Every structure is written in structure tokens, then in C-alpha cells.
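Listed below are the structures to be examined.
Note that subunit A is present in both complexes that follow, paired respectively with subunit B and with subunit C.
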Partner chain A sequence: MADMPRPGTEREHGRGSAPRISGDRFVRGEVRYLDDEVPAGCLHAAFVRSTVAHAEIAGVGTGAAMRTPGVRAVLTGAEAARLIEDLVVLPPGVGAGAEGAVTVPCLAVDRVRFVGEPLAVVLADSERTAATAADLVDVSYRPLPVLLDLDEALAAGAVRLHPQLPTNTLMGGVVEEGDAGAALAGAPHTAAGQVHMGRGSAVPLEPRGCIARWDTSERRLLVRAALQNPHAFRAGLARQLGLPESDIQVVAPPLGGGFGFKFIGMPEEPIVCLLALRHRCAVRWVESRAESLLVGAREYHADYRVGFDHEARMQGLEVTLDANVGALAATPGIGMPGVAAASFPGAYGITDYRVRWQAVLTNKGPWNGARGYGKEITTLVLESAADAIAHELGIDPAEVRRRNLLHRDQLPYRTATMTLDSGDYGRVLDMALRLADYDDTRRRQQREPNPGTRLGLGLAFELTPEGRDPVGGPSRGSETATVRLDTTGRATVLTGVTSPGTGSETAIGQLVAERLGIALEDVRVVQGDTDRTPYGGGSFSSRAVLAGGSAAWQAADRLRGVLVRAAAARFGVAEADVEIRDGCYLAGEHSVTVAALAHQVRAFGSSLAGLDSEQLEETATYMPGNLQSLPDESGRVQQYPTYSYGVYVAEVVVDLDTGVVSVRRVTAVHDCGTVINPRMVDAQINGAIAMGLGIALTEEELYSATGEPSSLSFKHYMLPRLPDMPDIRLDHIESPSPFTLLGTKGAGESGVGGTTAAVVAAVRDAIRGDTTHRAVVTPLTPPRVLDLVDSAAGAEVVAMAGAVSPGRA
Partner chain B sequence: MIPHLVRPRSVEELVSTLAGADDPMVVAGGTMLMPRLAQRTCSPATLVALDRLPAAAEIAVGADGAAVVGPLATYSTLLRDPAASPLLARIARGITGGPQIRNQGTVVGAACFANPASDMPAGLVAVGATMHVAGPDGVRDVPAAEFVVGPFRTALGPRDALLSVTVPQARPGGYCKIKRSESSWPLATAAALRRPDGSVRVAVGGALERPVALEIPAGRPVDGVVARELLEAAREREGVAWWADELADDRYRRRIAPVAVLRSVSSLEERA
Partner chain C sequence: MNDSLNDSVNGGATRAGEMDVDGRTVPVPADPTESLARALRRAGRTGTHIGCANGDCGACTVLIDGEAFKSCIVPAWRAEQRSVRTIQGLAPVDGDLNRVQQAFRSEDGFQCGFCLAGPVMCLQELVDGDPEPSDDAVRSALAGNLCRCTGYQQILRAARAAVSTGPRPTDRAPAGRADVAPG
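After this line comes the complex of A and B, so read on.
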């Protein structure tokens, strides 16, 4: 994996590749994940899940399960519905044609809508007993028509999947500017194509889980849950169970990956909490791999038409984007198609465009979030359109990007849904081409030493809106942090953002350490505990440093002022004469440690002139700029404050005899504004490249014709492994955002869509032929690639790499 | 229910255990069976482990050069002693799943699991292995080509166990495996073994319901068309259908199996 060039001795904001705080605890296995906790005497929950994709529930027989030794309780959907409020999918006014809020029960009551839908739960004294008894719950079904594909769900007369919605379209809308129709009609050339992105999910190695117990002495519900948003979870849980929020503590332990998969809104955690409340005991549930692979996070079909002139300049764009969001879910995952639509037209200066989008319900598993959050399909569509232009005009794909990307002088640049903040798109493109040896690789391509394989080179520009302020969501785009100094000279940061395993606490710690003039080792960052930290969004939309770090920086900056004033009072000098160096506050020959200053403020503050109102604790709330949450005069809203971007170049080799694609190298040049910790940003991009590779080539959740999922293990849902990873070359530029406190932008999602689009483009480049431009399908599995090879050749290829003779003994 | 575990220390004890046990299932390395027990997709009353049998984990090479592969000999065992069977060692090197699987998965277990999308059954056919089966009537020998009878089905009876495998004296082998990505089970494999007379036997796996072997006469040039013809002829002669699963359909496998054949023959020259 590549490391980016280090910014030398840059001290501003404490920047630098500090190793991860407590990184050794993770490496040594000393961190306790949720699955490491088994409270003494706890009971175990196992869910009874639908075995059919769509049916009315005719009966749920619990007798055999109840009679199993060790079983304490069996709760059916009908019983649960009387004890716990439904999950809220959409607030009133958002669902397409729905009256009131769109809701879904935690356990199916009278109808199941996907294989794997929980419809009852068994509580037993061991995990195995619970699971065995769950198998004994006898469910009878009256089958209903199964709708798996968009066409089936959208067909006139299709059975309605949800009684609150008039059709199977959950949400939809139009994102537009100018007059796309007229622009396309007047364009000298047009190109049209389809993009189908297969169903997949984020798949962290650690699945979800929840341990809840009723604390009799405190009379509170104490919950540990492998979730990204503990505060928002508590709020929803309080509503569902009819408890005051303050009677619930939610702790999110260290996560083995989040990626949006651990957003709240799934039914299992609230049910575990209900059981703990009812039975006044500890209840534990840890999701199995098969259960985790029921969840989806992407499946899109897009049709695009792009108009352009003889010089390859895009003049108009029309896109229809349909998302198969599976069964109804109350997760933020269903927001992804709308974000995908709002992310058009990327960084291309198209003034006339129209994107019609909809999220469609089917009988596949529900969606939760996934890193990329819809922007990966936007990138794939836009980059496929750019390649189609190159193909039509016979010019290099890089040149099409160069002629259409916004110039840096045009920034900030306003679209219908975004205000692109800062950057130099053309420069990053040129840097990426150089770093990838693009021209040299193009020359190598012409030589083709091996007739059985073909070298492909693809590139993609990716725009990643980050730092979302989701109006109507469980939390806002702002974050709050408290920084507390103690008399040992150490600081404690209490932040509402969580680390899903990214190490965001390290960057937050760096910001605080620099402001206070102390070492990073002297900062403790507390996350993921509703009792200890301020209310916060947890982790979503790459906001941990952007919003959480900025809030911590502000709080620490105020404390810095306290320490400076204390030092000035102690030394009898002006505040302006106080310097901070090597953990000490200095003025002339005077020097004092942070610990001594903290003691001075705490013990003698009341008796020292000018310090009588100073304290050792500060709390700050930070909201990024460049947001438009109240509609402006033209009705425009903007949910994202920052716009990171990058250029990705992929070099692949396609085996023409088998369709197997090997990715040789991925090159990325990235700009997320001010970088606090380059090592952490590199790690994010490296991981995102792996995810993009999976989307492009290997990962897909498949279903049988009757709706049974068939990719419930890692032998069928194939994540990239280390040997699949290419050589990675990374570089960065830093164009600080003018709209955020420190110039930072989000860095957690960049690379997913860019890698996907670049790898797809490289395969297209290798195979050539018109079909690969008209229809893009991911993942590009070997059978699909071989079909593309055949269609480009116009016949089944029986080429092979020449004859062999086994003649010599 | 958690099965009763029995670990016989002799072949006699194994045979009598199998004869008397209630609903027995035999486990070697357990890489396939143990996850299924945990997932409750199979639930034998008795689990009979082969790990305590004499020399269970060893590969013993006799005076005639033939190697006897014990029931607990893993892919890593093959890799530690590649001279015992260069072809099987070469196959072991490419086993999906990393060191965890190579240290635990066994030749005997892979043969008995008989997953069409796996490496070892066809490898054993290519080398002309003999399978030593213990059953109620004693120990009998079954040629590898007759051991796997269909997808996940073998010549083993319900109270039989595969004791060991004898691989004839080592000869140069070639191998080709085509798979979707590093995580993937094979979509087609071809294991080629050159005979002293210069002819080559190629056993094709991964692509068919069970391994199929074809013969390439010495000196005969083979291209894609010829490879396909030879393979189709052998497949029809043995009445074996193409395999399809979630990873690839039968059309794709039929298409790439001849490619695997060609590449396995080419790789004979690599002497790996």
C-alpha cells in the first residue's frame, strides 16, 4: 500500500502521521468487541426468520419451541406489536403518496416481505438452545406473488408491498437545472447507455450485535450495541419502549468496521432491549454472518443520455435512476438513492441536466447504509457517459474529462443541489495521469505481446459530497465536544462522534494536543457512550474530524486561552507575550507546565485577579458552513457542506479465454482539503479501493427465482482478499475548504465509486466493442466478461493462447 | 444437540465404532464439517474423528516411490514434502483460504466431501491414486476415478471411512485452476500428468459433477478445439453432466474447461 508524501514538519493543527492512539491494543487483541462480552447469567435471543419471500402469516406455532428445555420465552410479532412501537421509516410527508409516517413493525405481524424477515424471537439460556428452538417455531404461510426485480415491482397491477403506500415506489424525485430536453435536442452528438450495479452491501468483518440488561439498582436499561449512532439509537429506543431517554444508557464498543452497515433502524436491537426490560435480565444477541448478508445497500439501474459537441463538451444530460431497495427498512440506507441523484452532475460543468430517481420496494432483503452512500452509482454513470463520448468521437477518455471538468476559477460553483467548494480538478487529473504512467501504459497497450490477454486502462473522476446535515434524520450536521483538563496536565475529550474502526480519535486527539501544547499521548478521547459524551451523530458521512474534530479544536482553543491567561497572571506578563513550546507555557525566563497551570486555575483561580471565572472544561458545538437546510427563494436545499474529489486510474489485464480480470494497479490522486493525519487518510483510501474493487468485480448478493438469497457466506459473497489487491499509488493535494473551520473535508468515502468506475472503464477499454459502452453491469464476473468479449468479437471466441503439444516425455 | 465424539486409535476400533454407532459421521480436518455443525445444517449423533489413528497426519513414501497419505495429512503436509507428490503439492499451494485452511484441510477430507467445485478430487484422479476404505467388511481399495460418484457423493457407505490414499510414484505434473477471485472456489481445474510414453492424462475438475479424465496421445498437438472435443468425448463416455452453482453456470464452465486443459498441459513444462 502506498503512503502519501508527508507534509514535512508541518505543525499547524497538529498535523502529521501520528500512529493511532491505542493502536497496539487492537493489534494485541486487548480491545473488547461486543462479541467478547458474555455477562454472567445472561439469556440469549435467536430470531425466527421467514423462509419465504412474500406471504401472509397464517399461523405461528410456538408450542414445540416453548417446550424445549432451557427456553424462557417465545415472542411472536403479534405479541411484540403490543409491547413495542413500530420503527419509523419516513416521517410524514416524505413517502411517495403516503398518509402520515411510514412505519414498519420490529417483528412481522401478519405478512412477511423477504426471506430472513424476523417474525418471532426465542429467549433461552444458551445460544444454541435459542437457535435450535427457533427452528422449531412452526410458521404457516399463505404465499403471495414475489416481486424481485424493478420491472416486477413497478408493473401495473403489481401487488402493493406496503399498505401505507399507493405503489411500490417508496420515494422519488427530480433533480434538475436548465432545460435538459432542449440541450439534448440541440446537441451535435448524443450517446446513450445503461448502467446496472448489482446488489451488494458494506460487509464489515464484525457483524451487528446487542447486549441489554436492566439495572435494578439504578432502574435503568443499560445497552451495549455494535452500532455507529448510539445517541440516535437511544432516542428511538426511548420512543419505542415508552421510557425516558435518560433512563437508558447506550454504549457502542469499539467496532470491527461500520461503513454504514451499523446505522440504526434495524429491528433486532430494539427487540433485545424489550426482552431485557420484560424479563429483568441480561439478554444477548450477536448477528451471524448469514443474517448479516441478508442486508443490501446497493442495486441500481440507470439509463443515461448525454449530448455533446464536436469538441466533446457535454451539453446536456438526462438520467433515470431506479434503486431496488428491497423490503421496507427504517435505516438511513433508504436515503442513498436520493443522495445519488443529488450528486449529479458531479464536477462536470453541465448546466442543463435532469435526473429522475426513485427508490422501489421489492421482496429482497432491506437496505442499510454503505460507504459511498449512493455516490458510487453517480460516479459510475457519469464516468460511463464520459467514456461513451470518448468512444463516439475517437478521442482519449482523459481528454474528455479535461475538457469538461470545472476550472478552479469557477469554484465555488453552484448546482441545483450542491455548492462545490474548492479544488483544482484539472491539476489532480494531470497528476493522476503522470503518477499512473498513463501515456506510457497507452503505448504498452499497442504492443500486445500476448494474444490471450488484453491490457486495459481506465480512469474516473469522483466527487464525494461529505459531512451531511440530514434534515429529518436522527441527528444534525453539527457536533459537540467537551475538553477537560486535569491537574496531571492531561486532557480528556468527550465527543459525540464515534470511530467505526477508522481511528478518527487519533486525529481529534492531535487537534486537541496541538491547541493545548501537550503530547498526543496525554489526550484521552472518549466516544460512544450516551452517559459520558455530548449528544452526537456517531459516525456517518465522514464527519468525525470535519465536525467532531472542529468542535474539539474549538473547545481546546478556549482552554488554551485559559492557560495563556493563567500563565500571564503567573508570570506577570501580557497574554501576547506567552509562548507555548514542548509542553510548557513560556515568557522570557519563565516556564510552567500545563499541569501546574491547571492546578493554579483549579486551586487558586478564585483568588487570582483575572482568573476568577476560568474553568478547566470547555464545550463547543461546531456546524460546518456551506449548507442550505431551509429552502432558499428558489426552493433549493443543500445537505452537504464539503466536496472531496479524486482521480482514479486502473490498469487491468483481461484474460480473453476465461473472462478473469486481474487489477494490476490503481492510482489515485485525492483532495479532501486540509489533512490532519495523512496516515489515516491513506488508510481510508486504501480500504475504499478494496471496496471499489469488490463492487466492480466480485461482490454480489444473488437470489433464486423465488426470492431465496444464495450469497449468505463469504464463499458466495466474495470480498476481495489481499492477493486480489493491486499495487496502489497515492498522492494528494490540499485545497482547504473556505467553508469549514480548519479547511477539512470528509475523507471516509472517497475511492469507492472512483475505483469502481475506473476498473469498469479499464475492462471496457480492454474489451473494446460497442456493447461494453451501451450496457455496463457490475460486478464484472468472469462469465459476464466473457460474454462481453464474445459480443465485441461478434462470435464465441475459441482463440486460446495457441496450440500446445505434450510431445516431449 | 452436540454429537458424541469418538476418536478410535486403530482401524479395528474405527470399524467397530462405525458399525455400532448411532448415526455416525466421520471427520478428518473438519474445515467443511465443523462450520456445518455450528450452523446446525447437519447434526450427526456420533462424530468419529480420524486423528488418533496411527500415523494419521503423515505422508509415508515407500520403497516403490508410492506415497501413502494419512487421513489427517493436510495441504501443508503436502507442501512440506513436495517430492512425495509434486502435482498434489502444486495443487495444495493454490488452495483457497490461506494458512488456516492449508494447515487444517486434508486430502482425505476433500476427497470425501466431493464438492464438484474443489481441487483435490480431480488431482487424485490425475495421479491415479488408490483410496483405502475401511468398512464393515474390512478394508477395500477403490480407484480414485471411481471414488467420487456425483456431486457431494462418493463410493463410501454410511458406515465406511476413507483411511488413506496411495499416490503412485511421483511424476511431473501440470495444473491450472480458473476461479473468480481469491475467495472463490474453482470454476474449472485441470491436472495433467505425463506418462513415460509421453502421453498425458488430464483430469478435469471444478467444472463437472465429478472429475473426468481424458488422454492426450504423445505428440498430438492440442488446441482449443481439440481440447474441447477430447473433453466432450470423455464426458459423454462417462455420462457426467456439467456443473453449475452460484459462482458460474454450466455454459461458462463448459466454455472454460478446455482452456484449463490446455493450460495444464502447457504448465507441464514449468516443472513447478
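After this line comes the complex of A and C, so read on.
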């Protein structure tokens, strides 16, 4: 099936748990993030934000703000609209019923649609003055009806939130294959259920920020921004400001976490750049924690109905997936519901399914991306359905998975939207059950010493499509890398992928070091600078190593060819006789260092026999296989090239009196194809497990009835802390992708949905009784757990009343 | 962490209106509302990060006279005539990493690194008081810090490595002080 030439076994040499490049600078506190730069004499921007959820703007009084000493300028939405183009949310033809592109202004002009929406900006000498003056901007509002829930936004006669859209549905569609209706009608059993995933956000510890200045000598706009996609940001900014792209440099400094939260498309960065351009000065803005928690992700409501036979084999699936995406935003975050829909039916090999999805606008804050990118709701729905089947037939949940997961001989397996590449789902399931002591834990459940607590066991299979090719957008799924060698024997990698703090640059460095035969310490990886690196997508969809690493490997491989030819010429031997070992190129008794070879190529080059016009620099572009980027003759599109997967088992203890859930252990067995740096892959899974725990149990952005957000600090938006973490057991298998150069698949998102689903299943398992008639809701906060406990107890009483012989009291 | 700053001054070399930051004398800002975190960052100690400005995340953790504080909720004036140690003061600029830093380095006890001052400084406080703390003490020392990347697993591994490693020469406050202007 391979559609790419496979490299030889030497790639093995680039693998291993090398510690982080630049780790020394991190632990010394010397890495400089965006907030660590304060240009001399810079001015500070503060945004005036709406205090109401939905209103017409009746007036914006800037007099008091302008009179504040130290204030240089106040820019309202109406003024900004004349100076900067709108952000483009959707190109023509994508928005549901929209005529032309769907756009949103950077600063609200005549109407605000969520609390916190920026509608003006103050520029001042100090951060404090800017913030104080922003509070003095007097905005008068004419209130409009506030739509917070899906039902309100979708109700007939609901006020239209956006004039470019005929309804409050931003996008929608159907993903289907076969005949779900007929399959369900013919199935011996069906089970139905609801799944609600609460509104959360990715929440990196470092918020966003932007520093822009006009360089008068170069006549260029120089921008530093804590963003995951600097090249794409520059392209959008050039359009918005009417500048040539080449007149703008964007640098993304080291990020204090990304997770999709720092995807481009939010309005603040372009406004900071506009101010710098207009005022010919440096302008700085760093987002506050409260501002960052205005942004949301992943609020879903799903209904499912699954058909199955007496043997628990799934025979048809219907899903309705509605996403409350909040207010309009030009971020890739709004793409998540569509990806969620396209990720059905996971790895379950259901041939008849139909998923109807829509993204609905409301008066909550806008979405940006969040690790999982929609696939976490898919996992939660599918695994809830599998558990419902187990409950209905009275068989173990693990057995339901075993009977339905695709067999390894069926791979590659094609669905309407995916081609599952490689792996052994059943084996990973068995490994996870063993590693989790699943059977033993089931036995332990039977003898519970404490009547006030219950042990619960849940499991989930998670499929994670990775490495997306968002064709038609600002960048593709491909990546370009340049590798340069210098006469000190050091290599510099210039790559279009960025690291949001994952350490992927280390794996890229490892691949290049191995190819050139030099030490990892001798490789410098340059990222995030539009002047220095090739155009690339930055970081999204776990493609830093998959796409960026493969491109760097290819460029290094070509450079290796140059060095081999140079060595062969130097030694007077055939190229095939040249070996590479310990930083030297060897042949028989001959040996030469990489530095000396580099000097030879640079100094003599083509004047030596065997060499042409080679230089010490090579560039390669790599696109993974297994894509159908544009519709084929049957209209089929496949945007993901790789399909990592894993099985997650959670063991929890539920306190029946307080509703508090303690997660004792999470076990994960994971397969992301070829692993370059095992320790960093483990680190990704560990972090994803923590995020999954947060989704399952604690993280939620809540709103008052009138639309005021009430989770604007870490005292209200509850991230997992160390004492919340369970014992984690991890294992891997490696099933290389037949479609990618190095066999790698994406490794950055696996574990979010799997952990969420396993923990939710474990809580419901602990509560026992019949909770299948109750919606699966996250996060499972203590009140919600108690509600489930009461519901299960009620169901038990009803069941007992109907029974002939009384059960236990 | 505790709140003992109203106790007697430790008698350091700084005078009224000054504080000692990693061995350098730094003026205390005139603004009584300025947080220690911001003052330190203005004095070039940018390894002390601000992740919430609300005392929740711990990315701004420093040692004040040896005790860990979240410096975003400590007014700078409360560090007057006290010794403030930041993550950038744990090892000489061109010298070896100290024991805690080395453990976080070799165990990759971080990913994005933004929160790193939290676990590193809390652990430093712990090992300064007890070179061989129990595992419960290690976990307890780290409970106040948020990390969004590691699921705390690599942090815990690094912390355990740090407490099982013998003391190194640079474990205590760096020798040598110089009265220099903040920069």
C-alpha cells in the first residue's frame, strides 16, 4: 500500500529518548517568552470590551479616556473598520446559506454579541493607564435578546445573530455511508442516548500577546506574537492592512503552551499591528487570564441511536451533533464540529451510519481550537454507545469493543471520510486490559469494604485522526525544511513548523543529526520566524514531526548525499564505500570529520572530481500520503493522513455521599506508528490524560442567565492539579503508517478523548444501577454525580417494586 | 508557602528601600501596589512568569528569605530588606545547574517551561529544609502549581530525581553579591 519510498533501516538511529534541545536554558529561566519583551518606549494597548451579551451599540464616548494623562489614542470599532479589513470567518460557499464570505470586524462596530467582545482600544504610555482609560470609555447599549443555549439560538423566530447568515446555524452537514435508517430498522436491538459536553477551553498557562513596531529604517512592520501559525498570520495581516506580505516580519517566540488556543483569527493581534502602523511606534498587548477565559471550545450536544445484534455487533448508527460555538470567530476553532462528525464511526467498522452536525452561533464567547479538535466528542459518543450496548445485553464493555473493532487484517480500511491506516486494535485492547489489571479490578468491585464509596471501571477506545491537510486554507498539510551545514560541523534546520512548547524541535533535530551523522547538540532548530523559515503551517494537528520532521529528514538526506560524494572524491573511493560513524565519514583507513568535509565542499566544490555545484544547504517539502484533499469523482474528501489510536482504562472511586470522584488510575496503550522520541511521546500522552480528566470532571466555562461569564479565573475554571492526578500506566506498540515517509503518525492529541470517555464510563460504572436513561454529561462535578446517584437509586427502587422477590434494601 | 513577611527582618545587607534579588541589590519600586512579580520582571528576572496574576498558578514562585511565595500576590514593598531568590538565581550564569535544575533538565520535567519556576522553586524550598523529604512531602510541595503540559508526571519524576540526588556545591544561595543597578 505504500505510496512513498521507504527509507532504509538507518532511520532507527535517529530514535531515542534524547532530552530537550535547549533544556538548560529552560531550567535556568532564560527562555524568553512574549511577555518577557518590553521594547524601550513602547506604548500599551488595552481593549474596551462589551459588558453585555447582546446589544446594539448606541454610542461610544471616548472623551474621558482621551483626557486621561498618558493616553495617546482611542480607536473605536467604527474608526477601525475604515482602517483594517474584517477577519474572514468562512470563504464564500461554506457558511450555511450565506451569500459570499462570512466576515467579522476586529472591533465591534454597531452591535456586540458576547460579554468581552472588543469594541474599542486605548493606546497609552503604560499598561495601567491604558487599562484605566479603557474603563473610562463610556459605551451605551440598546439591549437585544440574549441567546445562550442551542435551543434558544435554533428556535423559530430567534433573533438572527449575524446579518450574513439566514439562521443562527453557521455551518452544518451530513457525514454518511450506507443506509443507517434501514440498518437501524432491521437491527434486533437499538439503544439511544444523549451526550452533553460542557464548554471548556485549551487554557495554556501563557496567554496570548502581541508586540508590533514599525521599523522606520527598513520600512517594515515587525511583529512578535504568541501564535501557533506565524506564516499564516502574516498572510492574513497583509490582506487586512493592505501591505505586501514581504513588508511584514512575524516572529512567534517560544510559546508557553498552545493546544489550539493560539491559532490565528482572533482580533486583538491585528489591531495591535494596526496601532503600530498608524502611530509609527512599538505597541504591546498581553492578554490577561480573564480575557483568555472568554474564549471557549467544545460545547456539544449529541443524540445517538445505535443498532446491534444479539452478539453485540453494531449494525447502524445515527448521530445528531450540535455544537454551541458561541459568537462568530475567524479561528480554526469553528472547524472542530465538522471534524468531529467526519471522525465517525471511529474504528468500529459500522457500514451504515449517518451523522448530522451543525455549528450554532450564540451569545457566548467565541471558540478557538482545543487539543482533541472535536475528536474527543466523537470518542465520548461512540464509547457511550458501546457501553449502552453492554448494559442492554448484560455483557462486559470490553467484550463489546472486542467484537466491534476492526481486525488488523481489515486495514487499511476506508470510510466515507477516512482511510484507517495501520495497527492492531484488538491487541492494544488486550494489552490495556492486562496492564490495567482489568479482570482483577472487576473482581475487587464485588467486595467493597466501604458502603459509602464505590469503585468504578471504565474503558474507551480512541481513534485520533492526525496531520490534517486543511486544503483551501492559509496552509496545507505539507511542510518545508531547509538544512544548512557549516564549516564547524554544525547543522541549522529552518522549519515551517513551530513548537507550541511540546519539544518537537528535539525530535526534528534527532532526525537531522542521525541523517548527517552528527551529534544532536550540533543541531540548531530555527522556528517561528517568517523571515528565516520556509513557509509552513506552524503547529496544528500533531504534524510537527509527521510533516516537519519528515521534510527535515529529506533535506538532511540530500545533504548527506553531498557529504558522501565529497568524501568519496576526497578518498578516491566509490560512494558506496563511504561509511558514517561517530561524526566522521570513513572508507577503509580514510577518515574525515563533517566539519572538514563541509569546508571542502564550500572551498572547492565543483573543482573536485565527483562534485557538481553542491552547496551545504538543501531544502525539501514533504506531504504525507493517504489524503483525498479535493473531492474525488464520488465527492469523497479525506483530510487526515494518519490515524493514531489507543485504549484507555480508568479506575475511579465515587463518594456516594458527596459526589466527589477520585481517579485512582488511568492506563493507556497507544499506537502512533513509528516513535522518534519515546519519552516525548509519553509526555504528550501524560498531558493529554490530564486534559481529559479536566474535561471529564472539573473544567467548565459557565455563564449567568444574562450571559456574563463566571469562570474567568483559575479559582472558577478548575484545571487538574498534581493531587488530582491518578497513577498512570503507559505502554505503546508501533504500527508504522504505510503512507508516511518515516512511518510516523501524529502523537499530540491522543488521550484527551480517550481519558474523558474512560473516566465518564468509570463514574457511571461505579454508580451502578440503570443510568442509561440519563444523558452523559461532562464535567461530572459533584452535584451532577449526586444527581446520577439519586437517579440510579430511583431506578433501582422502581425495578424492585416491579420484581417478584424483594432485593436488598 | 506561608505568610510570615510581617516577622522580623532577617538583617541582610540591603537598606531601607532595597531588596536583594539573586545577590544583587535592587530598589523597591515606589508604587505600593506593584507586585513583587512585576518588580522582579522589570529588574530583568523574567524567568519569574505571570500566568494568572491571581495566586492560582504558581508560575511566579520565588523564595523570600528561603520561603516560597507566589510573587504575583506579594506587594513588592514586602520584600524590602529581604533576600529574594528566583529561578535565575539558583545557579551561576555560566556555572553548573544546581541539583533541582539538573533533575528537571535531565528528566525533562517540563514541556513549554512557562510554569517551571513554580515546581522548581517549591522543590528548592523543600530540599533546602530537608535534603531527603518523603514522597508525600514532595507531592505536597508541588500541589499549588499548575502545569498544563505534563500532566505533572515528568515534574514528579524530576522532583523525585532531585531529592534522591546528593547535594551539589551550588545548591545553596550563590556566593558573591554585587550592588549593581537592576538591568
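Here, the second predicted complex is superposed on the first by the 779 of 809 C-alpha atoms of A that agree within 3 Å, B and C clash if a C-alpha of one lies under 4 Å from a C-alpha of the other, contacts with A are read in each partner's own complex, and residues count from 1 in each chain.
Following the convention adopted for this analysis, contacts are C-beta pairs under 8 Å (C-beta built on N, C-alpha and C of every residue); 3 or more make two chains touch, one makes a residue touch a chain.
Note that the structure is predicted; figures quoted are calculated from it, not measured.
J.: Regarding the shared-chain residue A:L255, is it in contact with subunit B (first), subunit C (second), both, or neither?
T.: second
J.: Based on the superposed arrangement, let me know which partner A:T781 touches: subunit B (first), subunit C (second), both, or neither?
T.: In the superposition, A:T781 touches subunit B alone.
J.: After the superposition on A, what does A:K715 contact: first (subunit B), second (subunit C), both or neither?
T.: So A:K715 meets both subunit B and subunit C here.
J.: Once chain A of both complexes is superposed, is A:P723 in touch with subunit B (first), subunit C (second), both, or neither?
T.: A:P723: touches subunit B and subunit C.
J.: One more residue to check, A:R679. First (subunit B), second (subunit C), both or neither?
T.: second
J.: Is A:R532 in contact with subunit B, with subunit C, with both, or with neither (first, second, both, neither)?
T.: Neither partner.
J.: For A:R142, select first, second, both or neither according to whether it touches subunit B, subunit C, the two together, or no partner.
T.: Touch status of A:R142: no partner.
J.: Who does A:E206 touch here: subunit B (first), subunit C (second), both, or neither?
T.: Second partner only.
J.: Of the two partner chains, subunit B (first) and subunit C (second), which one does A:R67 touch, if any: first, second, both, or neither?
T.: After superposing on A, A:R67 lies clear of both subunit B and subunit C.
J.: Across the two complexes, find the residues of subunit A that touch subunit B and also touch subunit C.
T.: 288, 714-715, 719-723
J.: Of all residues in subunit A, which touch subunit C in the complex?
T.: Touching subunit C: residues 19-20, 23-24, 26-33, 35-36, 203-207, 254-259, 288-289, 500-503, 679-680, 682-683, 686-691, 713-715, 719-723, 725, 728 of subunit A.
J.: Give the list of subunit B residues in touch with subunit A in this complex.
T.: 1-2, 39-40, 98, 178-185, 187, 192, 194-200, 216, 218-226, 228, 246-249, 251-252, 255-256, 258-259, 262, 265-266, 268
J.: In the complex, go through subunit C and note every residue touching subunit A.
T.: For this pair, the touching residues of subunit C are 41, 45-54, 56-57, 59, 86-88, 90-91, 93, 97, 101-102, 104-106, 108-117, 120, 139, 142-156.
J.: Using the touch definition from the top, list the residues of subunit A that touch subunit B in their complex.
T.: Touching subunit B: residues 128, 131-132, 135, 288, 290, 657-660, 697-698, 702, 710-711, 714-716, 718-724, 781-783, 786, 796, 798-809 of subunit A.
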